[in-house]
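Presented below is the structure to which this report refers.
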Amino acid sequence: MSERKIVIPGEVIVSGSEYLPGEWTEKKGEEIIANRFGLAEEQDRLVKIIPISGAYQPRRGNVVIGEVVNMLSNGWFLDIDTPENAFLSLSEVPRYVNRGELNEVMDMHEIVVAKIFNIGKRGIDMTIRGHGLGKIEGGMIIKVNSNKVPRIIGKEGSMINLIKENTNCNITVGQNGIIWIKGDKVEDELHAKRAIEFITENFFKEGLTEKVKEWFGGNKE
Amino acid sequence: MDTGKLNADKIKQSLAEGKRFDGRKPEEFRKLIIEKNVSKKAEGSVRVRLGKTEVIVGVKMAVGTPYEDSANQGNLMVTAELLPLSSPRIELGKPGFSAIEVGRVVDRGIRESKLIDLEKLCIKEGEKVWTVFVDIYSINDDGNLLDAAGIGALAALKIAKVPKYDEENGKILYGEADRDLPLNDVNPIPVTVHKIGGFLIVDPTLEEEDVSETRVTIGGSEETISSMQKSESASLTREELEKAVEIAKGQWGELFKKVEKLI
Amino acid sequence: MAEGYVRKDGRKNDELRSPIKADVGVVPNADGSAMFQIGKTIAIAAVYGPKKMHPQHSQDPEKGTLRCTYNMNSFSVEDRIRPGPSRRSTEISKITEWALNPVVMLEKYPNEVVDVHINIIQADAGTRCAGINAAAMALADAGIPMKELVSSISVGKMDKTLVLDLDKFEDSEFEDGEGSTDIPITFTHSGEITHIQLDGKISSEQLKEVVEMAKGACDKIYEIQKEALKKSLMAGEGEK
């Protein structure tokens, strides 16, 4: 199978005993069948579907942005846009925190960049031990469909760097589709926001990086 | 995660510079699109889009008995339903507009402005009159459902036709239009003005609505205010109220032009 | 097949109404949404989920739950329907859930729920089928894992003649001879029946013909659903 193609549930992607069913596909006889609407792609005989819509699938190692929605004596519950809230334990903060002063480290409704270090039966466990993780302040939060994140980041960060350079903003893109934009001026932050909106609206088009460069060219504020 | 509340400070900062996130000025409405006859069994129906907010409004008519204190007048009933399909918040019962508020505010605007000539809807005094039902459904909530509903109700009534009525057999001949709905020459349009961080704006997106401290809906046309309702808990200074009224008056004409194009 | 009944709108007995239109992504707030129109019947569906299910006691610890609601706009029909749920809409909600359940794969979402909301904008018979067609597209659009799509159509028997896709007259007003029998059916693309109802009378022989006719029609509807889904990606408009 040479090119990626858009498939709907139930569609036969490829046929042949040499193919193996990857994510969101199943094998019936010789046929690999799609189990989700998305982009089917084959690599080394493994056929999988890249979702282009739908809920965020949390994965170990994902760096996401969340909001504190509850606090216990031993940690914080974060809303990271999954059905079950994630838990950040006291022990996963790179400094000593007294039980009872959790809110001084992070209070209700504050925003944090955190990493998923475990997904188990009890739920999702988060950590902020690590470079670039921790509470964030100021700036602007926007939400996009998590499936569009790879496009917003671009190959080796090419797309997101393009936006950062053209708007003078610091941008953290959470794998869960929550994005934090921080610039010196609100104008710049809004500029970055619109650039990201442009990308999500033209998500499927060819030569998107070029289009974004053009967009910046004609949109200097 | 609702970004509105998280971005509250930014939204206010932006307003202080006279800007909104989508580039609009504080007194600017989003793109307004009105389509007519989207539901053909209705006596009149429209789809209203304000940016991404969408509502569908339909007018149905039926024959019934008049109220005792208005024996020679037809009846008006305005209902709104905030459909769960229009927003993930509806089922959670999150605060915002209630369907009852939307229904009542739009009703007031239409009733008090005397848009419909209810006496011309009398078939037999004391016995038979037409009832006009205006039903509003939200299809996508991206803020300001109330104004979209009000614009929709006005537009639907403007294009509605009274069906033929077979008096002998007491049968309504739906689908056979007899005449236009009898209307007076007024164009009540509700404009809701919101206060955010000391600034007044109109037509908020959902994000802006989430940080709105208080709002006042002012309905009317040209120089006449026919309805007013303030909701939510913060207060308005007298200057703010006056300014809100001026803003609303400034919008009625513009918005009505769009409705007029339909007819 | 007995001759005799001639369709008022000039259609052949095995002809679907027109236009048939489908569009995906009509409700920006939803995780997935679609519109399906056949003749004068128009339905929209919006999907939210998977998300946490409330109340807790309704949760299924083994897999996610599919929950459907069907609602007709008051002005979608000639005689206004009072807004709010009715026994009919409650029944159709359940039927819709049963029609979709066999193809959705919710094992990965224990204790969660996928909500499907259907709204009928304009009704001219066949509303439950239009709703199911819209819902199937909306579920796919929302990225819900599914074995395949389902497609739905109504077959009717007018006196003794079998016809496809009843309109309002055929469904409610035709009374000649044996009257009208209405048979809405939902098929998976691979040919399994996930929903069938019948109001009237029919022989088991004719029923076989009915099922045959329905599958042919559902295949056509499937092509339209597939095209609408694929086209929605190329449009590149709007954001979910």
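We just call them A, B and C in the order they show up, numbering each chain from 1.
We adopt the following convention: a contact is a pair of C-beta atoms (placed from the backbone, for glycine too) under 8 Å apart; a residue touches a chain by one contact, two chains touch by 3 or more.
All values derive from a computational prediction rather than experimental measurement.
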What chains, if any, are shared contacts of chain A and chain C?
-> B
Could you compare the number of C-beta pairs in contact for A-B with that for B-C and name the larger?
-> B-C
How big is the gap, in whole Å, between where the Cα atoms of chain A centre and where those of chain C centre?
-> 34
Counting in whole Å, what is the centre-to-centre distance of chain A and chain B, each centre being its mean C-alpha position?
-> 38
Could you grab the centroid distance between chain B and chain C? Build each centroid from C-alpha atoms only and quote it in angstrom.
-> 32
Where chain C touches two or more other chains at once, by residue number = 51, 238
In chain B, what residues contact two or more other chains?
-> none
Chain C contact footprint on chain B (complex, rising order) | 38-43, 45, 52, 54, 56, 58-60, 62, 79, 81, 83-88, 91, 133, 135, 137, 139-142, 174-175
In their complex, what parts of chain B are in touch with chain A?
-> 1, 3, 5-7, 9-10, 13-14, 17, 19, 21, 23
Where on chain A does chain C make contact in their complex?
-> 6, 8-11, 24, 33, 35-38, 51-55, 83-84, 144-145, 147, 197, 200-205
Mind listing the chain C positions that touch chain A in their complex?
-> 31-32, 49-52, 103, 105, 109, 111-112, 140-149, 188-190, 225-226, 229-230, 233-234, 236-240
Name, in rising order, each residue of chain A that touches chain B in their complex.
-> 66-67, 79-81, 109, 111, 138-143, 178, 186-187, 189-190, 193
